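Once you scroll down, you'll see the structures, which are given as structure tokens.
There are two complexes below, and they share chain A, which is joined by chain B in the first and by chain C in the second.
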Partner chain A sequence: MWTPIALSEDVAAGTAAPARLGGAEIVLWRDGDGLLQAWEDRCPHRGMRLSFGFVREGRLTCLYHGWQFDASARCRLIPAHPELKVPGTIRANPWHVRERAGLVWVADAADADALPTLPDDTPMRGLRSLAVRRPRAAVAAQTGIGAGGWIWRDGALIGLHGADDATSMLHLALPQSATAEARRRTMGEATALRDALEAA
Partner chain B sequence: MTAPAALVTDTAPVLRGWGLDDRSYTVRLGAALMGVGLAWLTDRRAEVQGPVLVRHGRDIVGVRAILRALADDALHPGWAEPAAEGWEERAAVIGERFSTLRRACLAAGRPETGSAAEAWTLLRPLEDRLAEQHEAGAAFLGGAHPAIADLLAFPAAALSHDLRLPHDLVPATRRFIRALRAWPGFLTMPGIAHYQ
Partner chain C sequence: MVLYVSTTLFQHHGDAGNECRASEKGPDSLAQCHRIRMEGRFDAAGMRRFAEGRAALLDLAIDTLDVSPTRFDSRLSGDEILLGMFGMACLLGPSGCVVTRFESLPA
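Entry: the complex of A and B
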């Protein structure tokens, strides 16, 4: 099942960003052309978080020993052994990832069915992701967000995922045509929603 | 883009600081980004008492006061601009409290359970402010140019994982960290890499 996990615009080209889904650590990264990847946030060499790394020439590079991984998740260079033809078995562990409606959606390899059908195809733009110090189930119950992890409310798309057992994240997107005033208002409402959820 | 190298002369201000202290780092970072020459002496006392800047024969204590003094010598007037809505003062409080919590965590040898909750309390207003600023088209607390408020808040933002507040929960803060890291002259400290 696909889960919204971040705003598309929060993963800039040429950067890596951390995310967690139910405690599973994920690195989201884009190459210089904007192609998005989602992998387990763990270097196969020494277990370092790849989200601490950096993107160079289309490869995600581990900060620890500089192992470089290309978009296919294969390790292509081990700096300590520059002449080595790196075996194809050395690779990061990818998740399925898509971008839709201004959000990044991920699914693990065994559970990647069709992307959810949203109410319409209005071009959307992410507004804000914000953490809620409440378990996902509690937030879902209070907001009416279903198992799919999203709801369409008052012209805004609200995504939800559980980062860990105690913390959730809301992801908001508005139509690209939304005015600056509408975006500011929705942002204020989102902050108020978060505070209300935590106070409940 | 690289920053002009700051000239360290015999009359340059002297920082008495400690390499692993986030407040001493704030001063070094501020001087580097402002383009102000700074000599520095290792002084372990700064770990607890905070850094001291010796400038024109006078000792200046308190990170905010030190940065204010350095900003007088900065080439770009943006550094001396006070951030709107009292954010310089708020950032100073965040920085000081964070530093105290971090010292306690590091001294304990492992993160204390309660520190994450207090880190949330400290950094949430920062995250909210930075999200609003981003929506308004500004990368920093006061606008498009970093100022003292940003320097004061930066170590708390960048080292929040020391208090078990992971960066995946604070995307606006992450964006802020990236923006300051990309500023010409950026310096590192243990736990804050520079690779952009």
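Entry: the complex of A and C
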């Protein structure tokens, strides 16, 4: 099951950002070439959030003790023991991750299903993510967003995921050709939707 | 109280009598074998789970010999640096486990 959890443009090249999915903490990060990774947001050394870390030379570096992890999630360098050949057992816990239609999608199963059908031929650009203080099931019921976690409405793609038991996230994307006025209008409508959901 | 809290936890004790057989860790390994004993106040199941999980993470072979609410006894083999990391991890955690005495002896 693939779930949209962020806007692609919210994870810039060479940076790391946190996300939550059903209470699970995830770090999203990109190397300098723009390749996106999604891992459990915990350094296997002392449990520090890797999203506090930094990206250098294609590796995510833990802020605590500087352990460096490459795109395969393997630890490649422990600065306190630079001569150590780090065993392959020391690695971060990766999620499956893909980008489509301006959103970041993750799945935790090795046999992750295919992504839902989206209008690939329409280049999309993320607009905004909104936190909603309502459980995912309640938001899905009121918006008509199905189990796939997304809906196409009034020219906008709306993704939905549950951050935790009480909080949901809406992710909006519009075609790259959308005008500034369309982006402003959609932003206003999304904010109104968020307020209505929280008032329900 | 005896507490060693440095990365020299697993330095050699005299001659190299604590080197493991190569077959235990592969032909390229310079594996060391150590018997470690910890005393303190433990959630025994939690301590065992933590120690064995940490050993797996660090690519160390572990034989857990004895676990009780006051004692953890095991035999480990692997890279000496990684053995030191294992010892430090046990001294620091897990929650609910307090180590008051740590011994590392050649196995």
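For the reader, a short list of remarks on this structure follows.
One rule holds in what follows: the second predicted complex is superposed on the first by the 196 of 200 C-alpha atoms of A that agree within 3 Å, B and C clash if a C-alpha of one lies under 4 Å from a C-alpha of the other, contacts with A are read in each partner's own complex, and residues count from 1 in each chain.
Just so we're on the same page, contacts are C-beta pairs under 8 Å (C-beta built on N, C-alpha and C of every residue); 3 or more make two chains touch, one makes a residue touch a chain.
If you're wondering where the values come from, they're calculated on a predicted model, not measured in any experiment.
Aligning the shared chain A places chain B and chain C next to each other free of steric conflict.
When the two complexes are overlaid on their common chain A, residue A:81 makes contact with chain C while staying clear of chain B. Legend: residue contacts after superposition of the two complexes on their common chain; A:52 is shown touching chain B, with no touch to chain C.
Looking at the shared chain after the overlay, A:97 reaches neither chain B nor chain C. Legend: residue contacts after superposition of the two complexes on their common chain; A:89 is shown touching chain C, with no touch to chain B.
Considering which of chain B and chain C touches more of chain A, the answer is B. Applying the stated contact rule after C-alpha superposition, one finds that A:6 touches chain B and leaves chain C untouched.
After overlaying the two complexes on the shared chain, residue contacts for A:187 are found with chain B alone; chain C is out of touch. Touch criterion not met for A:38: it reaches neither chain B nor chain C.
Annotation: apex chain A, arms to chain B and chain C, angle 90° (C-alpha centres, rounded to a multiple of 10).
Looking at the shared chain after the overlay, A:140 reaches neither chain B nor chain C.
Superposition on chain A places chain B within reach of chain C only down to 17 Å, the least C-alpha distance between them. Within the complex, the chain A residues that touch chain C are 44, 46, 80-81, 84, 87-90. Those residues of chain B whose C-beta lies close enough to touch chain A in the complex are 120, 127-128, 131-132, 135, 166-172, 174-175, 178, 193, 195-196. For chain A in complex with chain B, the residues that touch the partner chain are 6-7, 10, 12, 15, 17-20, 51-54, 63, 127-131, 133, 163, 167, 169, 183-184, 187, 191.
Against chain A, in their complex, chain C makes its touches with residues 7, 56-59, 79, 81-82, 92.
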